[in-house]
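Pasting the structures in now, so scroll down.
The same chain A turns up in both complexes below, where it pairs with chain B and then with chain C.
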Partner chain A sequence: MRPVHPNDGLPVGTAQSLYPNISMSDFSVGFRSTGEVRILDLKGELDAHTASELEAAIQKCQSDQAVQIIVNGANLVYISSAGLGVFMAYIEEVREKGGDIKIAALQPKVFNVFDLLGFPMLFDITDSEDEAVSRFSAATS
Partner chain B sequence: MFLRFAGAYVTFVTIESGSQYYRTMNDPSPVDGSVDVARPPGQRLKLFGSAGLFLASLVGAWFFHLMDMQSVAPMDVWVRMVHGLVSLAGAAGLWYAVSELLSGSGAPAPSRVFWRLIVAGAVCLGVAGPIASWGLPVSLPDSMPIDAYLGFDIQSGKPLAAAVAVKMMLVAICQVVFVVILLESLSQLVLVKRTATSQRNWVIMLFLMAITSASTMANPPGDPLSTLQVVGFIIAGVFMLVNAFRLSWIVFLSFRRRLFVLALSLGLGVLMLLGMSGPGGTGSSVIVTGSFAYLQHYSYPLATFTSAGWIFGVMYCFTSFLSLLFHLPTAGDYEQRVGERATMHSLAHLVGQVFDSGGLARTIAAAPVEAGSASCSWLATPDPRSGSLTPVIVGTHGITVDRINELVDTEAFFEDASHIRQPIVVNNGALDRRMKVRTGDEIGSLLVVPLMARGEVLGALFAAKVVSRGFERDDIETVGIFAAQAAVAMDNARLFEQQIEKERLSRELAIAREVQMRLLPQSVPQISGVSMAASSVSAQEVGGDYYDFVRLADNRLGIIIADVSGKGTSAAFYMAEMQGIFHSVSRLATSPIDFLSHANTAISHSLDRNVFVSAIYGILDTDNESFTVARAGHCPMAFIRLSSDASYVRSPGLGLGLDRGDLFRRSLTEETIRLQPGDVFVLYTDGVVESRSMAGEEYGYERLLEVLTEHRHEDADELHASILRNLRHFLGGTPYDDDMTLLVMKWHGLPVNRLAESAFIAEESS
Partner chain C sequence: MASIIHKLKIPSSTQFLEDVREFVTTHASEASFSESVVEQMKIAVDEACTNVIEHAYNNESNHSIDIAVIVNPDRLTVRIRDRGRKFDSQAYREPDLMAFAKNRKAGGFGVHIMRRLMDEVQFNSKGGLNETLLVKFRNAR
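Let's look at the complex of A and B:
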């Protein structure tokens, strides 16, 4: 359990009160499993406010000893730099345990954000979830 | 005159002794020593009038008895009735005078009333006793009726000598005076905490006594009462009994006070029994020989009234004595109530202690002890400094923190109390696993009450008693009420502190903002052939955006734009670090890739794993007319030239901090653009393209290129303003959600003289 970086939370009473029109809960993480592989379905907008939800989801996978994780971004409509930070925070740990976080089915606009930062050089980003699953099974067999 | 004097003397003596008593007992009620100092003239007239009425009745009685002595035949019935009426009226006048003399402000202390009555009784009986037995043999044989010994005619009841009549009057009047003082004084006690019913009962009792007495006006002395009169007295007796149980004043007495009044009531009771005429119509009391016989010969109605008053006095002494005796053990309760009330009062002032949390904690901790509900107490709250939930003892009363820690596991109790949110009572500390006490330690039983405000547990109030099973239901309730009050006060103090903290924080942030603004360039560099404009706004007080320029040489300018992931304070710290890195590394770096690689190494050490920095670094060379850029994960630079469409320069490259090794350097590529006059470069952070309109639509990359194309002929300043205007228009009223930085650079081409100069240099070198 690593501490949540202050970057993920906001200073007390500033962002919320200054920008009341920003929806805070427009994000959800769904859990699925295919064999050993854990699939996280992201939905909505992943930003500084909602990043902790994805963190919690990945932490849950870790506590379940599931290290083969696919993040399905088919319904992810927005990601901010704080959201990208979540992937960076856990990838090393997961890989040390012999697993991986693969990112699948991103919408073009969201993929662009990943791509601008060079994430494809660091992460296995696939067009579809099936492809990611097959890469996991290829790696284990 | 003697009576007037005696009455005044009695009043004087009681006041003196009463006030002395007050000083020793330290009673909180005001000393009432000025009973009849300032009396309005009208009242004084009434006082003298009523005293005069009494004296006139004495004179009338004297004449009646003289006439009675002179005449052989018994007096006519109507004369006796007139005499009875006059003597009753005189007694009423006396009553009024006495009540005027005794009336003070407010109810007198019970001890004072009893003391006054003992003194008055002693004086009256002390005067009446010797007068009555003057000239009589020491012991009276039973063979003759007492009237004969006292000097009355057995048949007619007339006094046989003038001296007998004088004795009769004096002895009778002494008793009447005492009974009047008695009833008037006791009324002050009976009517403590009066209600309409209690007042009515008192008046009915007096009325029945007076009516029944008045009905005996025609009775010759020595005759028994008629059946009707006896019935009247029995009814009056019932009301006497009811009034004798009006003892509310006992509740307000402390233990020592009760003991004192107990002794006084016993003394008064004994005195009255000694002065009361014996049963069976002997007509004598122990102290005053022939007390009743004299009275009856003086005036039958007065004798009956006095006897009734006397009986009520004895009754009241009896009930007072027993009641005091039985209520001695409950005296502590009253003292506790007084303590509770005082503590409640001090708790009400807790509100004023919001500025002093230490003082507040001490006051709360002391409350159970001061209220008399505990022998020692303390207050534990979650550590306000560390912010952890582990409780610390912030205030103690009657015990030291070290001693508490030896005996009680405060943390365990705090946890349990916060969990169940109810008071915890430990009846026997020796048996509780959370306590390490032995018999004889300061803590035998313990009460733990959580302090709750707005559904949150703010602390726990611990109250302990030396004995086991020390906490009764009312103790728990009392401490519970304190806890509720204290919780509100603590909550207020906390809110107040938070408010102050918030203001302090916002001041700090304002300072941080100023500091950050100074980290950004105050103006764009003035370079011939180039126009530049830049701006940066933060979503919050401080942000993670950065842009800057550095002159690497006369002809070379380093330009950076960077965006730290996330927002707010932490981003601002990394932004400051980027500024430091930029100014130190840029002069050493030979190329944009070189710079970014060094910057990556430098900043990766301090970046948290989930934080990264995107950046574009470019070197503008005015001599070579080139602009060389490398992109590290940043939003691609927009570029337009007169001869071509707007586009993005999107060379590959990882963000700073995403890889700490070789991969970063390998990911970078440089792009060098040969400058042509009219070339425009737009550097920006994602806040620009990701800004969203009311409808939720992103500004986006396309729109930026469109506005760039539209305004390509403007110089940097105008273009910068045009883009911001377009962006603002697009956003409508929505505020910025992200840090937003925009830098526009336009190459106008070298001025003619510089061109000539460079041509000359080129010629020379060739």
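Let's look at the complex of A and C:
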């Protein structure tokens, strides 16, 4: 839990707070591999501030020549369009190299944001990580 | 019945987006909006503030943004004010996802998301002051 905001608990009238405390980034990317497939475990909140961390993770996959990428969103609790933009910026490049970015296990409220922008028409979004792995296997066998 | 106004001032940096989301969540929840509607407001306000930081203030962090949550019996309004470059809503075009992916374009979805999630979205400018108004009616939809 983050600290209670100075404005909390003021039910009526006008409350003008001081600048809020600088908070540490509440987002992280973990790396795993299964065979040729690189799995990125996203955790926390993905917004315009933290999007650069996802971008760095995808760039690392590229520098490792890993083009079969699964983004596991099981622990991703929030996404804004800045986060979605990272997927947009890299999907064509990864596909041109014969790979894909598949998005798996999103929480319903996060999926809703992907859906709002029509991502299911452009991205392979699966209910589970296993399903995404098997789609890569099916495509390469 | 008079309006209840809650105010927050943040520096124009994406590291404070998390505080804005928490601020809006707190006061929209207090005003008895449902969890799913609060989630929609949170995303819309994040998009509005991100646009101010990136476009109005061109990612310069030495400016400020004033956010107000205004609760009325029939609606909740979030007002975002800045003194940066004004947004030209006339020149705005709805994003084309496929074209964006082809061009590796990572941004440009914020206004689209705001309009999809809120009941009303207004952009006003006067005397160097810009204002984004995001409105959710209590009994809409």
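Keep this in mind: the second predicted complex is superposed on the first by the 117 of 141 C-alpha atoms of A that agree within 3 Å, B and C clash if a C-alpha of one lies under 4 Å from a C-alpha of the other, contacts with A are read in each partner's own complex, and residues count from 1 in each chain.
Basically, a residue touches a chain if its C-beta (ideal position, glycine included) is under 8 Å from a C-beta of that chain, and two chains touch if they have at least 3 such contacts.
Keep in mind that what you see is a predicted model, and the values were worked out from it rather than measured.
Peer 1: Please work out whether A:Leu117 is in contact with chain B alone, chain C alone, both, or neither, and reply first, second, both or neither.
Peer 2: both
Peer 1: Contact-wise, after the overlay, does A:Ala48 reach chain B, chain C, both or neither (first, second, both, neither)?
Peer 2: Both: A:Ala48 reaches chain B and chain C.
Peer 1: After superposing on the shared chain, does chain C or chain B touch more chain A residues?
Peer 2: C
Peer 1: If we overlay the two complexes on their shared chain A, which of chain B and chain C does A:Asp26 touch? Say first, second, both or neither.
Peer 2: second
Peer 1: Quick check on the superposed pair: does A:Lys97 touch chain B, chain C, both, or neither? Answer first, second, both or neither.
Peer 2: Touch status of A:Lys97: no partner.
Peer 1: Kindly classify A:Met88 by the partners it touches after superposition: chain B alone (first), chain C alone (second), both, or neither?
Peer 2: Both: A:Met88 reaches chain B and chain C.
Peer 1: Kindly list the residues of chain A that each of chain B and chain C touches, one partner per complex.
Peer 2: Touching chain B and chain C on chain A: residues 5, 7-8, 10-15, 19, 21-22, 48, 80-82, 84-86, 88-89, 92, 109, 113, 116-119, 121-122.
Peer 1: Write out the stretch or stretches of chain A touching chain B in their complex.
Peer 2: Going by the criterion above, the answer is residues 5-8, 10-15, 18-19, 21-22, 48, 80-82, 84-86, 88-89, 92, 109, 113, 116-119, 121-122.
Peer 1: Report the residues of chain C in contact with chain A in the complex, numbered from low to high.
Peer 2: Those residues of chain C that touch chain A are 4-11, 13-19, 21-23, 26-27, 30, 36, 39, 42-43, 46-47, 50, 53-54, 95, 97-98, 100-102, 104-107, 109-110, 112-113, 116-117.
Peer 1: Note which residues of chain B are touching chain A in the complex, please.
Peer 2: Going by the criterion above, the answer is residues 502, 505, 509, 539-541, 563, 565-571, 608-612, 614, 633-636, 650, 652-655, 658-659, 663, 667, 686, 690, 698, 734-735, 737-738.
Peer 1: Spell out the part of chain A that touches chain C in their complex, as residue ranges.
Peer 2: Touching chain C from chain A are residues 2, 5, 7-8, 10-17, 19-23, 25-26, 45, 47-49, 78, 80-82, 84-86, 88-93, 109, 113, 116-119, 121-122.
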